[in-house]
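Below is one structure. I have some questions about it.
Order of writing sets the chain letters: A, B, C and D. Residues in each chain are counted from 1.
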Amino acid sequence: MTRMKLTLCLLASATLSTFAQTPSVAGHWLASTDYFGTPLYYRLNLEQTGDKLTGTYRGYKFEGTINGDNFHLFAKDEQGNTDELTGAVANGTLQATDTETDSDNKAHPVTLKIKATPIAPLAHLTPQRHEFTPTVFYRQISTLNKPVLTINPGDTIHTTTVDAGGTDFNGVKRSLGGNPETGPFFVTGAMPGDVLVVHIKKLTLNRDWAISDDGLDERAMNSDLAVKMKDVGKGIRWHLDRTAGTATPADPAEHLKRYTVPLKPMLGCISAAPGTAQAPPGSGDSGGYGGNMDFNEVGEGATVYLRVSNPGALLYFGDGHAAQGDGELNGNALETSMDVELTVDVIPNKRIGDPRVETANEIISMGLGGSIDDAFKGATNDMANWLEEDYKLTPSEIAQVLGTSAEYHVSEVADRNAGVVLKISKARLATLTK
Amino acid sequence: MTRMKLTLCLLASATLSTFAQTPSVAGHWLASTDYFGTPLYYRLNLEQTGDKLTGTYRGYKFEGTINGDNFHLFAKDEQGNTDELTGAVANGTLQATDTETDSDNKAHPVTLKIKATPIAPLAHLTPQRHEFTPTVFYRQISTLNKPVLTINPGDTIHTTTVDAGGTDFNGVKRSLGGNPETGPFFVTGAMPGDVLVVHIKKLTLNRDWAISDDGLDERAMNSDLAVKMKDVGKGIRWHLDRTAGTATPADPAEHLKRYTVPLKPMLGCISAAPGTAQAPPGSGDSGGYGGNMDFNEVGEGATVYLRVSNPGALLYFGDGHAAQGDGELNGNALETSMDVELTVDVIPNKRIGDPRVETANEIISMGLGGSIDDAFKGATNDMANWLEEDYKLTPSEIAQVLGTSAEYHVSEVADRNAGVVLKISKARLATLTK
Amino acid sequence: MTRMKLTLCLLASATLSTFAQTPSVAGHWLASTDYFGTPLYYRLNLEQTGDKLTGTYRGYKFEGTINGDNFHLFAKDEQGNTDELTGAVANGTLQATDTETDSDNKAHPVTLKIKATPIAPLAHLTPQRHEFTPTVFYRQISTLNKPVLTINPGDTIHTTTVDAGGTDFNGVKRSLGGNPETGPFFVTGAMPGDVLVVHIKKLTLNRDWAISDDGLDERAMNSDLAVKMKDVGKGIRWHLDRTAGTATPADPAEHLKRYTVPLKPMLGCISAAPGTAQAPPGSGDSGGYGGNMDFNEVGEGATVYLRVSNPGALLYFGDGHAAQGDGELNGNALETSMDVELTVDVIPNKRIGDPRVETANEIISMGLGGSIDDAFKGATNDMANWLEEDYKLTPSEIAQVLGTSAEYHVSEVADRNAGVVLKISKARLATLTK
Amino acid sequence: MTRMKLTLCLLASATLSTFAQTPSVAGHWLASTDYFGTPLYYRLNLEQTGDKLTGTYRGYKFEGTINGDNFHLFAKDEQGNTDELTGAVANGTLQATDTETDSDNKAHPVTLKIKATPIAPLAHLTPQRHEFTPTVFYRQISTLNKPVLTINPGDTIHTTTVDAGGTDFNGVKRSLGGNPETGPFFVTGAMPGDVLVVHIKKLTLNRDWAISDDGLDERAMNSDLAVKMKDVGKGIRWHLDRTAGTATPADPAEHLKRYTVPLKPMLGCISAAPGTAQAPPGSGDSGGYGGNMDFNEVGEGATVYLRVSNPGALLYFGDGHAAQGDGELNGNALETSMDVELTVDVIPNKRIGDPRVETANEIISMGLGGSIDDAFKGATNDMANWLEEDYKLTPSEIAQVLGTSAEYHVSEVADRNAGVVLKISKARLATLTK
């Protein structure tokens, strides 16, 4: 069997215009439950008209009534599965019994206890700057790792990352390799069903060398090239000249004695931890939560949008590259430690699919899939959604814009997921009529 | 960055003819180390001639000397990375200091403490039969889950599995869905670098219904078919007639009122936990360790070969299907609980790539990859290795046998990895000259 | 630009219950036109009610009127393109002016002259057997090659084919290689919009040797296997023992001295020529018209269904294989000349997509595409159409049947198109309620 | 069977430093033969030392002797196939008997008559400018179409192309659609084994409208997007403002009333006809010969390199696009007629794989394949060859340059072949040490 019931993976997407401000049942709630040992978090959005209640929870649309503090809600999806919530609000906390019945196993419903707390509107606090020195580096993007720091939306983090092999700016090994990351950072107020906004303000190299290798990834080689490359694969050390802004091989081969690559620092990994129903991915993987995307425009000035699946978002990042060609063909880019400064924000109650990136001149969707072909479809689909949601384009309009303005790069082939990015220039978007 | 240094993932593959029987340094050792908080296990194989030592460890070939109980070993690979082991044997335990130096960061070697215990030859004990009633079901194929039972090679386990949604033979939900599994079983004497052999003796349905659905997987649909299928996806309950050996839809649609499928029970998931350097995969994933392969010939009478990456192998299984077409197109097959009886064995010091299956009439390699195309390459490559290693065929002979005898099925398209199996009939193999 | 307007490629699919028997405008017509030097053939189906006319032509649905012998028809598609037919019937021939107007270039319609002759119901003549000795072998599946023989539906052809390299049963080269084929055979009464039915009655080897090689196809090799196979690729001659029914390497390598493959003759190529708007494909290609499918069940007893795109269907076949594993991994199977006996028939006015095959126990759809992944989607889509059209299944029912009964083989990887076949057992289909 | 013997497809690649200037057997010859009705052309390169001869022909390396005018040459490849040439030179013409023997069918060699004429060094004539008005447009890239004009290397052609649907600058239909092309142009002195260089000097729009549509290609759509796009696909007319340099929808939808695309004219199709052993491809296909590549940088200022397979190269081009996003997602770009000015040149005796493009700032390899994944491999392989041949890089150096400098675009997904281009900046190449 492939997948859990889809409904368990869906997050509410309602766009209620009011937030809970009084101790009423109406509003946005963060609901938590224990599902046979697994803690699950969902957004519960409720609206009230007289004694009528409507709402969304776990992707279901509910209808019901409220009588004083006591409410009853019921939902049935197209597949015939039902969900029933019976509970009450007391002292600002909502408690309910959730009865889930699968259409193909009606005799044995599952009954869960739910406890929910109000999701407050995002506070507009004075932005703070946090100097953070990491002492532990995680190799799983897990909700089980304890947050290393709690910050507010608007705040700035200034910290460092070790390289993909776990070596820090002093050249000292700090962790097993495989992209050990700095974090998780807990962002106050970020809730499942929100979007985490990460603006990379500064990305500075903090040592003068990087490691890489001279192999080519499997996805890049047909059989002729595989035979040509059969004897390569050794480590290559690069010298990083931070003054000149260039990288050169430390011990260059004959034809590379003058070969010079401009430095263009980037973060290979950035993510908001996926939901607890999913096994925590390793730091070499990627998905809708972000992860090891290895896209060479996730650098200074870029903004990354990530879907939030857990309270606090749980932001991780690492795997700095001093420079990287499209595709990260060597498996390793110019891997190095970094000095990182980024600002976080939250867009409440907005749902996105795969990670999105925005640069000075472009919006960029990203497809991640088991083949470049699948990643290409994913990037196109997500940009179509983006144009539909944020620019209100119809399917015909979407096709016309994509046909004339799409710019596709293959961003990554060296990880388990291949990546394709689809860019649309902001200048072009500026000619759309909203 | 993609991957950890490859060498960290390699297991020794030497085929020494003698096992450690006296407290000597020569022999096979299970070495363990703590790598910045991550426990790692490797096989250390050593041979002694006079005061000369040779051996394999972590994929490196070592040379060195021994002086009394004290030894020194050194290895250098083609990439210029080096590894140095200095230590002694006392009281049947080997302790050493391991100094690893990367060629591209020579100034900062990593120093680890290693402790090793002898790998004894497999004991030939009287096979035992274990009745095991599971009380917990795991959704990660992790070394962190405590073994539920310890068994010996040759032993038989008789137990049950819940269905992919976590529901048991009584129809009672026991776990969050996503293929919760029975296990892990610790197999005494199974060591990293061995092969775990699992012979499925009996696979019996223990309830009279299964759940499935009427959707089609993304990988099966071009755009025309996606539009045709846009309104399906609901749960479908199947009635299992264990006497007649057939399955029929419980509430059949108009043209399926007589539609009948023969029961052919199988296990969707079976695995020996992957190494500790890797994030423990969820029970919906698959890989070289096995996992959610969803191959419809992993049923009664089949033997599954899995590579061992941890002491005790850590066998998990679950996700029983009453029947399944090739590809598991609905994402769910006929998901049901099972009564399982299987026998385990160990092939010491043999290395295989992806999981292999053997049935009464065929040997079967399995490719798992992000696309059917990649899975096809994987299955072909692994069968080529199999024919080379076990049948001693040359590349030319391999091509001739595959060209005339290959039978390829698409085994799975509904999981993250697609699966392709390559079968060669044993009758055909019987005409090879070894 | 990719494609011609899709409408030019569509054939009418109406299922009128009456055929033209009197010199009336109502009925089925074979229309021909000259499109700037390219002859095009389409089916024109017309129905009359009083002075009202309706019909289909070039995928358009027409409406109009008839006044004596003079008629006028008009069609407009969803894209706003229009087509207008004005003409008359005289002496059993329909002549018309066809005015096509593209919605995006209305100022410049295209005007064509059309001439049409009635499509008579298929005659039920006494089946004949034709002994045919080929003297020319074609390497393009072209309408420009003159038919070598005209036959009727129900007739049997007995003839021979040369091997893929152009060598005949005497070992004499007769053509440049690349699957030179026997044909084309003109089947009287076969019209665009029909299906050609080819039943392979006998496939007999007519020499005692075949040629092959010991390479592996690009699609089968990952980089490890490419390196392993880097030095193979030579020709391998096989001995065919027609009495024993076996093939063995003529000069076997060490481990293949007893290696024996059962003979299972098949035709690698069979096709009904594609429409004239398309460049005639080479005999190594494949597509909706059939061609070089290299599916190892197109052998004795199999029936192949091919869409008809030209008057007379223009049947070609060749590329006999004495035996072939799935995928034809060597690029060459056991290539040999053949003695072929087949019977042809026509299903009038029925439209199918890709080629279909029927054997004693199964119906088989075939996907052909640029990757195995795409071929997999194609095979699934065509089987879904087959189950919908011939078994009247709903989308939900299709998914349930495919999920429980699909059997997928990878049929071919060595040609430009990969091939995947999807089989459903007739025993399973017999439990469907029509 | 897939392919003809590979050797038939190979062209000689020797790099002799001298050209035939005296009536000697030594030098470069254009050999022609008739292979069972198919004319074939190959380059025959011969060197003489005393009475010893060595040479290359059909990919074989020959050795032999010459005695007066009479010579004898023999070659044997790794597969054991042999080729023997026996003949003489008289009156500046070489005539020989060619005896080809396949290792797997030695009893039946094929004997051919060969006639060869000297390949003269390219003449350096005064470049001419040709004004050419096309009257016929071809839909097959065939050697059978009579050249419309003969030109010399260095000459410039000024002509026009019709749009992909066959409509000219007056809006008048001139051909059936599917990329009818202008040409073929015969380039004097261009020989099999050379490279044709096409420099696009000017690409000017010659009408103020283009046609396109609002569909999305199959390769761009996952199932969600296919459902979203299920009702689109109509023709869209664009207005081309040649003064402002912009394109806008002629009848814009609500949100596209101000939508504006910069004009960037390009040629979708450009090719040198493939060899005669291959079926002539339709004008919608692509391959090593070029063809319908639909790469949006094949515009003004770009240089295209195409392998020559026939005497005179036989240059075709057409399918002008006023603008096109990456991938040509609509299947149609902004299809329009063009005023084209281009200069041709020839690089003698150099062999390339797939088409290559050079722009002001980059060199660009192109992969064409049945999937984006395969096209990606192809582009990488061809760039590796380019860096090896023209920049003398070792495999290790190639990997380092690609890993740090590769820029990949998906150029085309709407044709049978997908296209991926790999760009390396000339600034980066300038730091290589030759």
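Here is the rule we go by: a contact is a pair of C-beta atoms (placed from the backbone, for glycine too) under 8 Å apart; a residue touches a chain by one contact, two chains touch by 3 or more.
All figures in this text were calculated on a predicted structure; none of them were measured in a lab.
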item	value
Chain pair showing more contacts of the two, C-D and A-C	C-D
Remotest chain, chain D as reference, centres from CA atoms	B
Centre-to-centre distance between chain C and chain A (centres being mean Cα positions), rounded to whole Å	48
Mean-CA-position distance for chain D and chain C (Å)	30
For chain B, residues that touch 2 or more chains besides their own	212-213, 221-222, 224, 229, 234, 236, 328, 332-333, 371, 373-374, 418
Footprint of chain B on chain A - complex, ascending	1-6, 8, 35-38, 40, 78-81, 102-105, 107-108, 110, 139-140, 163-167, 171-179, 209, 211-213, 217, 233-237, 250, 268, 277-285, 292, 294, 319, 321, 328, 331-333, 335, 369-371, 373-374, 414-418
Chain A - residues contacting chain C, complex	218, 221-224, 226-227, 229-230, 371, 373
Of chain A, residues touching chain D in the complex	212-216, 219-222, 224-225, 228-229, 231-232, 234, 236, 247, 249, 253-261, 323-330, 333-334, 371-374, 376-378, 380-381, 384, 388, 391-397, 399-410, 413, 418, 420, 428, 431-434
